[in-house]
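One chain, chain A, links the two complexes that follow: it is found with chain B in the first and with chain C in the second.
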Partner chain A sequence: MASRVFLRRVIGAGLLAAALAGCMLASYFTQDLIAEAAILAVFALSLDFLATCGLVSFGHAGLLGVGAYAFGGLTVLAGYSPGTALAAAVLGGLIVAMAAGVFAVRTTGAFFIMVTLAMAEMFFSWVFRDRTFKGADGMGGVPRLDLSAIGVDLNDASTFAIFVVLLCAAIWLALEFLIVSPFGRTLDAIRQNAGRVSALGGSVFAYRLAAFTISGGIAAFAGAFKVQHTNFLSPDLAGWLASGDVLIAVVIGGIGTLVGGILGAAILVFLKDFLSSHFGHWYLFLGAIFMMVAIGLPRGIVGWVLELRGKRP
Partner chain B sequence: MTIALETRDLGKSFGSLVATRNVTLAFEAGLRHAIIGPNGAGKTTFFNLLAGNLRPDGGRVLLGDRDVTNLGLAQRARLGIARSFQRNNVFMDLTVLENLVFARAVREKRTAVFWRSLRSYGDLREGAEAIAEKVGLTGDLDTVARSLSYGGQRQLEVGLALACDPKVLLLDEPTAGMSPEETARMRDLIRQLPGSLTMVIIEHDMDLVMDIADRITVLDYGSVLTQGTPTEIRASELVRERYLGGAAANPAGAS
Partner chain C sequence: MEPLLRVDDIQTYLGESHILQGVSLEAQAGEVVALLGRNGAGKTTTLRSIMRITPPRGGKVMFDGQDLAGLKTHAVARAGIAFVQEQRAIFPSLTVEENLIIAQRGEGWTMERVFDEFPRVAARRRNGGAQLSGGEQQMLAIARALVANPRLILLDEPSEGLAPIIVEQILELLLKLKATGLTMVLVEQSFALAMALADRAVVLGKGRVRWSGAAQELRAADDIRHAWLGV
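Coming up: the complex of A and B.
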């Protein structure tokens, strides 16, 4: 019988193959959607990785926003190269997450949700009001990474889509290995029973902080690519609706499965596109679909598939 | 006589309820100490103060010569105070072996590792299997904790505490909710633990206490009522009156 790990990787490989085929064969418009889905998938991975230690954030768009604004600000306003800006964006995400985490990860459950939401809204209201980044108007002209040195033109829609799909696959694989490392298993043990980890002598706080920091770095990375994709920087990237969207993606796909976040992101992006081209009130339909999945498949689609294969590896 | 663990004037209140009242106790190294007392006597609160789950309002806790009063649960665990819980508190989604290997990895400070898998820690497996044998779970190494019998989970609970290489082992009602057969198995298990290990056990089963304890402390309303060997406690008028009631009036029934 196939193990859960094997099944997860098969699903991941299938999604990767479908995405790459789409990048090469599908229309310009579909390629654009694939790129959007891959970037949301990276963001979803950051949220689901955090869930490994039992924490569900409702302010993750704040960390995505840190990466987006660091990248957009440094390239458009300060004239740094996109490569430097990308490194700075990830570093900024790591630092902000660590600083915020010192306060946030002392709480769990609903309190953690409220603390992360409040922190993200603080960031949102700053970039919404402050004219440095043109406030609510947003700011255009964000450049993409320049890989012409190796003959890759990211301004081509197909190439950009392939590039972000491969980045997403690389991050997913890295996280797949990270969650079975002693560090990752400690996070899982904390999710199952934090009190017992303490009683064994493990520092629950330090591990949760480390997970939150890593998660923030990945979210910021996703943010830096989100603004490269649209070439546009705006505060709603960091708003609570964006935090809600990524949470919906992870829950639909299957929380705690990693690959579920990728599937959920793909479903969300394509469903939104389909619904919004047919209905005016498309969030109404999206909400209904989300509710049906949440009630019918409480562990999400991937969680449900894995459960069909038994409880354990 | 070496003292392994000691409390001085330890006190803890919850609102107007005094759960622990000026408790000064010394637990001699290498002995099995039992703490008994009626429900609500403050046994578990006292345990939580010893292990570091709770901070006292006043007084001190000493591990050997070291003052550990201001250290938390995890820090005390690293210094050698390990505890089991009254309600099963294991990693339900992990197998018995995974539970114990993980506990060993924490003990050896080898969990902050990103670049290899926990399964590759073959050397920890040996130590984990040795503990499984001590707690009678050798046959269930690959059983998920959730699917173990209640008694099996209790045994794993003790196994996790043992995996910390404790100097002092605190067992909170190790036989709570167990069948007579499971209780007998737990009694043998506790008896077979090395004599060098200092143990403090909260237990309601008086037969078990009289059988395995070297010293007994009786708590009542948060204070120490009396202390002594099982023979002394059984003979004590005060204990008979306040706690043992009919059970000790008939010594044959209590042995």
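Coming up: the complex of A and C.
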């Protein structure tokens, strides 16, 4: 019988193949949706990686926003090259997550949800009001990475979609290896019973802070690509609705499975597109679908598939 | 000689309840000390107080000359004390190997060495913690304590809920570890197991030390055994 790790990777490889095929064969509009899904998937990965140690954030869009605003601000307002801005955005995400994590990861459960939500809303209200980034109006003209040196034109929809799909795959693989490493297994042990881990000599605070920091760097990376995709920076990408969306993606796909977040992101993006082109109140339907999954498949789709294969790790 | 562990008049509260009302005990290096008493006497709380999972409000715990006051639980563990908790405390969704890897620290006991000594655990190295029998879980819990290469192991009821034949195997294993010179403080309901292992015994009753001395003397001290252990 195949192990859960193996099954997870098979599902991931299948999704990657489907996405790449879509990038090359599908219409312009579908390619755009694939790019959107891949970026949301990176964001979902950051949230799900954090969930490995038992922390579920409801303010992760704040960290995505840090990356988005760092990238948008540095390119549009300060005139830095997109490459420099991308590095700064990730660094910014790591630093902000570490600073916020020092306070946030001391809490768990509902308290952690509220603390992360509050922190994200602080960031949101700042960028919403402050005119530096044009406040609520948002700011256009955010450039994409310039890879013309290696003959890649990211302004082409298909190329951009392939590029972000490959980035998503690379981050997913890196996290797959990280969660089976001793560090990752300790995070999983903390999720199961934090007290036991400290009795074994592991600093639960230090592990959780490290996970939160890594997660913040990845969320900021997703943010930098989100604004490159739409060429537009606006506060709602850091708002609580965005935090809710990515949480829905992770829960639908299967929390604690990594690849579930990718599947959930794809489902969410395509479902949103489908529902919003047919119904005005599409969040109503999305909510109903979310509830059905939450009740019927509490471990999400991938979690359910893995469960079918038995309890073997 | 300064003992490896010296617990001096500790007072521990759980909420408002005054659970330990001045517990003192010592363990010399290489010694096995049994902590005996009825349910609710404060045995587990004593171990949890040493680990600072329930930090004592008064008194002092010295380990190898270091005052443990103010340390977090993980720092106590890193100072060289391993805690084999009640109910084994294995991580169910980690494999046997992973349960060991996350606890591995220092030199001496490696994963390979514990697998040599614990063939039953080795046979299940790729199985999940939840798939192990109670006895296997107990052995894994002891193995996991060893790979942290502690100087002191606190054992909370290693025989709990296990069949007599398994208890026999656990005892054999612990005797082997004792022979290597490992210091242990053992909480045990099974008087026979405790007597087979311990050099010294401390009898707790209602949060206080009622008797302490050589394990052999406790066998003869009928009044103590009747009053505080019911055996």
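The working rule: the second predicted complex is superposed on the first by the 312 of 313 C-alpha atoms of A that agree within 3 Å, B and C clash if a C-alpha of one lies under 4 Å from a C-alpha of the other, contacts with A are read in each partner's own complex, and residues count from 1 in each chain.
As a working rule, a contact is a pair of C-beta atoms (placed from the backbone, for glycine too) under 8 Å apart; a residue touches a chain by one contact, two chains touch by 3 or more.
These figures come from a predicted structure and were not determined experimentally.
Chain B and chain C, once both complexes are superposed via chain A, clash.
Contact with neither chain B nor chain C is seen for A:Leu308 once the two complexes are overlaid on the shared chain.
In the superposition on chain A, contact is made by A:Leu178 with chain B only, not with chain C.
When the two complexes are overlaid on their common chain A, residue A:Ile295 makes contact with neither chain B nor chain C. Touch counts on chain A: comparing chain C and chain B, the chain ahead is B. Using the contact criterion defined above for the overlaid structures, shared-chain residue A:Ile150 touches neither chain B nor chain C, since it reaches no partner. Contacts of A:Gly202 after superposition on the shared chain: both chain B and chain C are touched.
Where the contact sets of chain A with chain B and with chain C meet, they give residues 182, 185-186, 188-189, 192-193, 195-204, 311-312.
Against chain B, the residues of chain A that register as touching in their complex are 177-178, 180-186, 188-189, 192-193, 195-204, 207, 311-312.
Of all the residues in chain B, the ones that touch chain A in their complex are 51, 72-75, 77-78, 82-83, 85, 89-95, 102-103, 105-107, 110-119, 121, 144, 160-161, 163-164.
Within the complex formed with chain C, the chain A residues making contact are 182, 185-186, 188-189, 192-193, 195-204, 311-313. Taken together, the chain C residues at the contact with chain A in this complex read 51, 53, 72-75, 77-78, 82-83, 85, 89, 91-95, 98-99, 101-105, 127-128, 130-131, 144, 148.
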